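Scrolling down, you'll hit the structures one after another.
Okay, so chain A shows up in both of these, paired with chain B first and chain C after.
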Partner chain A sequence: MSVMEGGQSPEGGVFPLDYDPTAPLLEIEDLHVEFRTRDGVVQANSGISYTLREEETLAIVGESGSGKTVSAQAVMGIIDSPPGFVTKGAARLRGVDMFSLPDHERRAMRGERIAMIFQDALTALNPVFPVGWQIAETFRAHRGTTKREARKHAIELLDRVRIPGAKERIDAYPHEFSGGMRQRAMIAMSLALDPEVLIADEPTTALDVTVQAQIMRLLQDLQDETKMGLILITHDLAVIAEVADRALVMYAGKGVEQGSVKEIFRNPGHPYTLGLLQSIARPEQKGGKLIPIVGSPPDLLRVPSGCPFHPRCPYRKDVCSEVEPPMTDTRPGRASACHFAEEVLSLGKR
Partner chain B sequence: MANGNGTEPLLRVEGLVKHFPITRGIVFKKQVGTIKAVDDVSFELYPRETVGLVGESGCGKSTVARTVLRLHRPTGGAAYFKGQNIFEMSKRELRELRREIQIIFQDPYASLNPRMTVGDIVGEPWEIHKGVVAKANRRSGVQELLELVGLNPDHINRFPHQFSGGQRQRIGVARALALNPSVIVCDEPVSALDVSVQAQVINLLEELQEELGLAYLFIAHDLSVVRHISDRLAVMYLGRIVETGTDSDVYDHPVHPYTQALLSAVPVPDPEHEVTTRIVLEGDVPSPANPPSGCSFRTRCWKAQDLCAGDVPALEDRFDQGHPSACYFSEELQVF
Partner chain C sequence: MFCTQCSTPGSGMSDFRDAGVQLSDDASDLAEIDETQGVGGASLWSDAWKELRSSPVFLVSLGIIILISVMAIAPGLFTNADPRACDLSNSLGRPSAEHWFGFDLQGCDYYARTIYGARISVSIGLTVTIFAGLLAVVMGSLAGYYAGATDSVIARLTDIWFAIPTILGAIVILSLLGTRGFFQVSFVLVILGWPTMLRLYRSSVLSVKEQDYIEAARALGASDFRILSKHILPNAIAPVLIYAAITVGVIISAEAALSFLGVGLQLPAISWGLMISGAQTRILSAPHLLLFPGLFLSVTVFGFILMGDSLRDALDPKSR
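Showing the complex of A and B:
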């Protein structure tokens, strides 16, 4: 409920003093997040770094438990704490360090500057209030708009996300919407205050493929209009291939590869990325046998020593279980956290 | 669906209908409507082949499988297993049938009893079908099955929670294999698994098919996975099959507008792939409680004419190429 929480915010529309419109849109540096549970400390993120530019779509790819959602929640400041703690790192939005902001300023940033949509729109929406009311609340809370004005804005937003009959639908409850429409309503809510960054966490995973195509198209159109930066969190490599400019591949809470989507798909620089690409079936051609990655993703309470991927890696050597490879630049604009990145790159096209 | 090898089909489904009543009231139940989950579905499954049933959620693909297994009571139609009508079988005959047709479910977390050991789970079919494997041999039988699906036979005394998702799905496969069936219904067998693990299970299913001569009825919404594993496919929309054919017929030469729209929505995992045709459908799938008259796709179809609202277009081989479709305006369109 990114844009919803916080209620009245007298600072609506006012930004922290160090806000610098010429600074990079969003910079994440060495982000560490841990969850202190009864069973031990889970390192959900250990050293995530990336930069997002205007108009750019950055995909954060990983399997369940790789920490991709946590990294976004940390940036938004919506991790339940305790048990979750950001222990290290910085997240700068136009130069403003989000982690050092006082709560009320951070709340003002959420929705105004950075917003998030979630996989399951039905749980993210409040079932006992009409959809339009929930969208309008954003204006009332952040901008102090009158009820009537806010309602008018909400109708415009529903129109903008192409919900047919917005005027009639504004008083409908979430359960009266289909899955696709709920996700549209979420998008409407997140875009209410024209954020510069939108984080979409598996926005289409719960949807059918034809509806997924509608939602992805809508997000791209809105991005063209508003020039916002989009962070797309997903496990679906095909979706990334279609919409993302750059990608960060995550494994066991760490970034393992980063670069342009075209180059990563053409010539992956990390054995995990290579393995993922070889293991997926393709719709447009009947390929030969799939090549799976052996084993399964690790439990974050017991992350393997050295490179976390080494127990599943077909190219591992002794050093891999001893020394953790740092994220190192391999090509201009590309980086990989593998001791043998050059060798993997030289394997060429998958 | 024709098949060239001249053998008898293992499974022949003819005009299958399954309607669910919508009721109101608790003590005095009153039927206020019908969900037409499956309407007039026919297909055949031959030995050693995989038929894929694809379609979006709510199109009736799982209902088809469950009705054929008599997990639901059919409303109409017939399903023949080796020539015998499943819908007229006695309880005893049904029990025999279930030795021949087994099912693997989507969620490997929900489909295994957490209080039973792997040995008990995989061996349970032999408790029900006594006489298949003698009691004394069951333990070694389970271990053989575990080995067959790529699990460590020493883990026979472990519980489901000690396994990962992919391993659990292997346990489900081992259980399905216990009675040596000829048909396995795979209901979304990899949808709940991580990407890196899906390929393991798909490869396992392919290897077992090769080794044991199994036939699969494979249900999934992931069109890439279905293409990979299927020999023939049936595309469903709102309870009906709209197009069937070989994987190449359906994916490379689709003729029904819905198939074309569905395929065009599937993202291709290659950023350098040039999209040939882009069709983005408007709106959502209509409710199966109140489907449109005539062709149920006409409300979202760009080719729809008055004709389409009349009679339901029949699934027929419109081009004499063994590639039936249910559209008056069937026409090939390259999508990928």
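Showing the complex of A and C:
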């Protein structure tokens, strides 16, 4: 039996942290993350805030390089440091600020209360061990379960994520699984300890469309069973429209719009969101032109002054390059970081 | 050869199998089970083993190493003669039907001495490689996994150490020591021999730690020790293993060289290096004194180097 870790305090007995069951499940406040590189300081996240409630699915949307993944890694506490540093902000899980915890307590929370799944499950599973071993390992590491018990749990979990013939497949290696089954195995592994929050970082990007749908349905079903909060990081607007309750749109490391998916899709309150929605094909606009967002995302070493989106914004005014618009409430439960949010909203419903 | 690709299975055969599984949708996966199980769970290591089993180079080197190891463990199986029972009247006797390898200057049975010489050579080779390897894995893990100051200190130390020529350094240190037995010679060779393996393992760790499954393990709350021992080690050790096999051969010849130069083992130890050293003034008059220990030494070193080569082929199919 290997060295024990996690789950229990060194004194033995119950987890020592004061969780407040009435506090929001996960509350991120003014998160700042920077990477200190040779070329300068990259502000990967500057001032991300959101709240996740139980049973809720929050989508974090944005282009590649907008800081979606970094925000998740910061919350998980798995940013490579150096060069990455959380410089400001709080991440409260049931009222406990994870950023202020010592390393070993944070580690004990990972997997146990908050877990994460990754884009490419093939590379996220260790190639030299059977899938079942890796799932069982989570139990052994956190709970000190015996080998036999852990194996039994692993089979149950594979069953739960609907891998056919779990008993026979448990000793297969990751590369013997299909893409969809690998992602299922990854999900099984992250749900092993019943976390309250699951962060899914582009869980379906590497999969083909039919399998994507299956994986998303699986995640939703598991969410119904466990009441966990789900953070879905993606750039796939179709997936968001399908499964997410609320969305946070990110641009250049900042949140630019936030609100319920339905309302954002029907009536976007930020020119960037509007641009995103205009640039995807929809069946009802048959024959119409797609309008791309001009230009390319900014280099995070040289974020534009004022509103980071202003060089690409079709509605920009002088003030946009000078003053950074704060995130302000526009409608109940909605917020947008645009000087002209009202005007954008009044552009009408789609 | 930094084998960064070793950690990625699914080369060769398994690519096809993998593709086959991906084509099927999940509903028909049940039908696939028997097939994949039939092919056998193929990890990097079992793939490598399959390849090794059918590699003639590996089988030859394994044969040599087993033979020499049995010789080292149980020399009595090969000869009844006592290597230390010498009769001066046989001094420098030529090979004959009863005494295949002849006699040395002291009149000792040269065959028995050659057989008994395997023990110290092989033990020094293995001991030095194991200890240098352990040192390399521990320090290489620290240096590779914890970037920054830890890495800088270890890497600079290694660079400085690396600049000391192994044989020259060993000659200098050993010539300062009064007694030079198994322990002293091994110790000096470990001290001088670890930097290469450390550099290999460090660079291997550096590439493995960037893999997603390391991040995934951290996201599931694995401790640094667990990540280093269970996730990084099995994926990063291959280049070191390959190099270690070759190192055993290199160390055996280094021991012989040191003994030949008079700064290695001392009589009455029985070692191939010492035997070759004793032969150096009589190469023309009694060539058998050089021939037999030289042959055994060469074949042994050859065996370990072949082993390293076949391991490399099996663990890194792309290198061929």
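General remarks:
As a convention for this text, the second predicted complex is superposed on the first by the 330 of 350 C-alpha atoms of A that agree within 3 Å, B and C clash if a C-alpha of one lies under 4 Å from a C-alpha of the other, contacts with A are read in each partner's own complex, and residues count from 1 in each chain.
Here is the rule we go by: a residue touches a chain if its C-beta (ideal position, glycine included) is under 8 Å from a C-beta of that chain, and two chains touch if they have at least 3 such contacts.
What you are looking at is a predicted structure, and each value in this text was computed from that prediction instead of being measured.
When the two complexes are overlaid on their common chain A, residue A:Q214 makes contact with chain B and with chain C alike. Residue contacts after overlaying the shared chain place A:G275 against chain B, while chain C stays out of touching range.
Looking at the shared chain after the overlay, A:K262 reaches chain B, while chain C stays out of its contact range. Contact with chain B, but none with chain C, is seen for A:L237 once the two complexes are overlaid on the shared chain.
Looking at the shared chain after the overlay, A:I293 reaches chain B, while chain C stays out of its contact range. When both complexes are aligned on chain A by C-alpha atoms, chain A residues 164, 178, 180-181, 210-211, 214 touch chain B in the first and chain C in the second.
The part of chain B that touches chain A in the complex is made up of residues 56-57, 164-167, 194-200, 202-203, 206, 221-225, 227-229, 247-248, 251, 261-273, 280-281, 283-285, 336. The touching residues of chain C, counted against chain A in their complex, run 7-10, 14, 17-18, 21-22, 24-27, 29-30, 33, 36-37, 41-45, 147-148, 211-213, 215-223, 225-226, 229-231, 234-235. In the complex of the two chains, the chain A residues touching chain C come out as 2-3, 5-6, 73, 76, 78, 82, 107-112, 115-116, 118, 120, 123-130, 137-138, 141-142, 162-165, 168-169, 171-173, 175-181, 186, 189-190, 192, 210-211, 214. In the complex of the two chains, the chain A residues touching chain B come out as 63-64, 164, 178, 180-181, 208-214, 216-217, 235-239, 241-242, 261-262, 265-266, 275-277, 279-287, 289-294, 296-297, 312.
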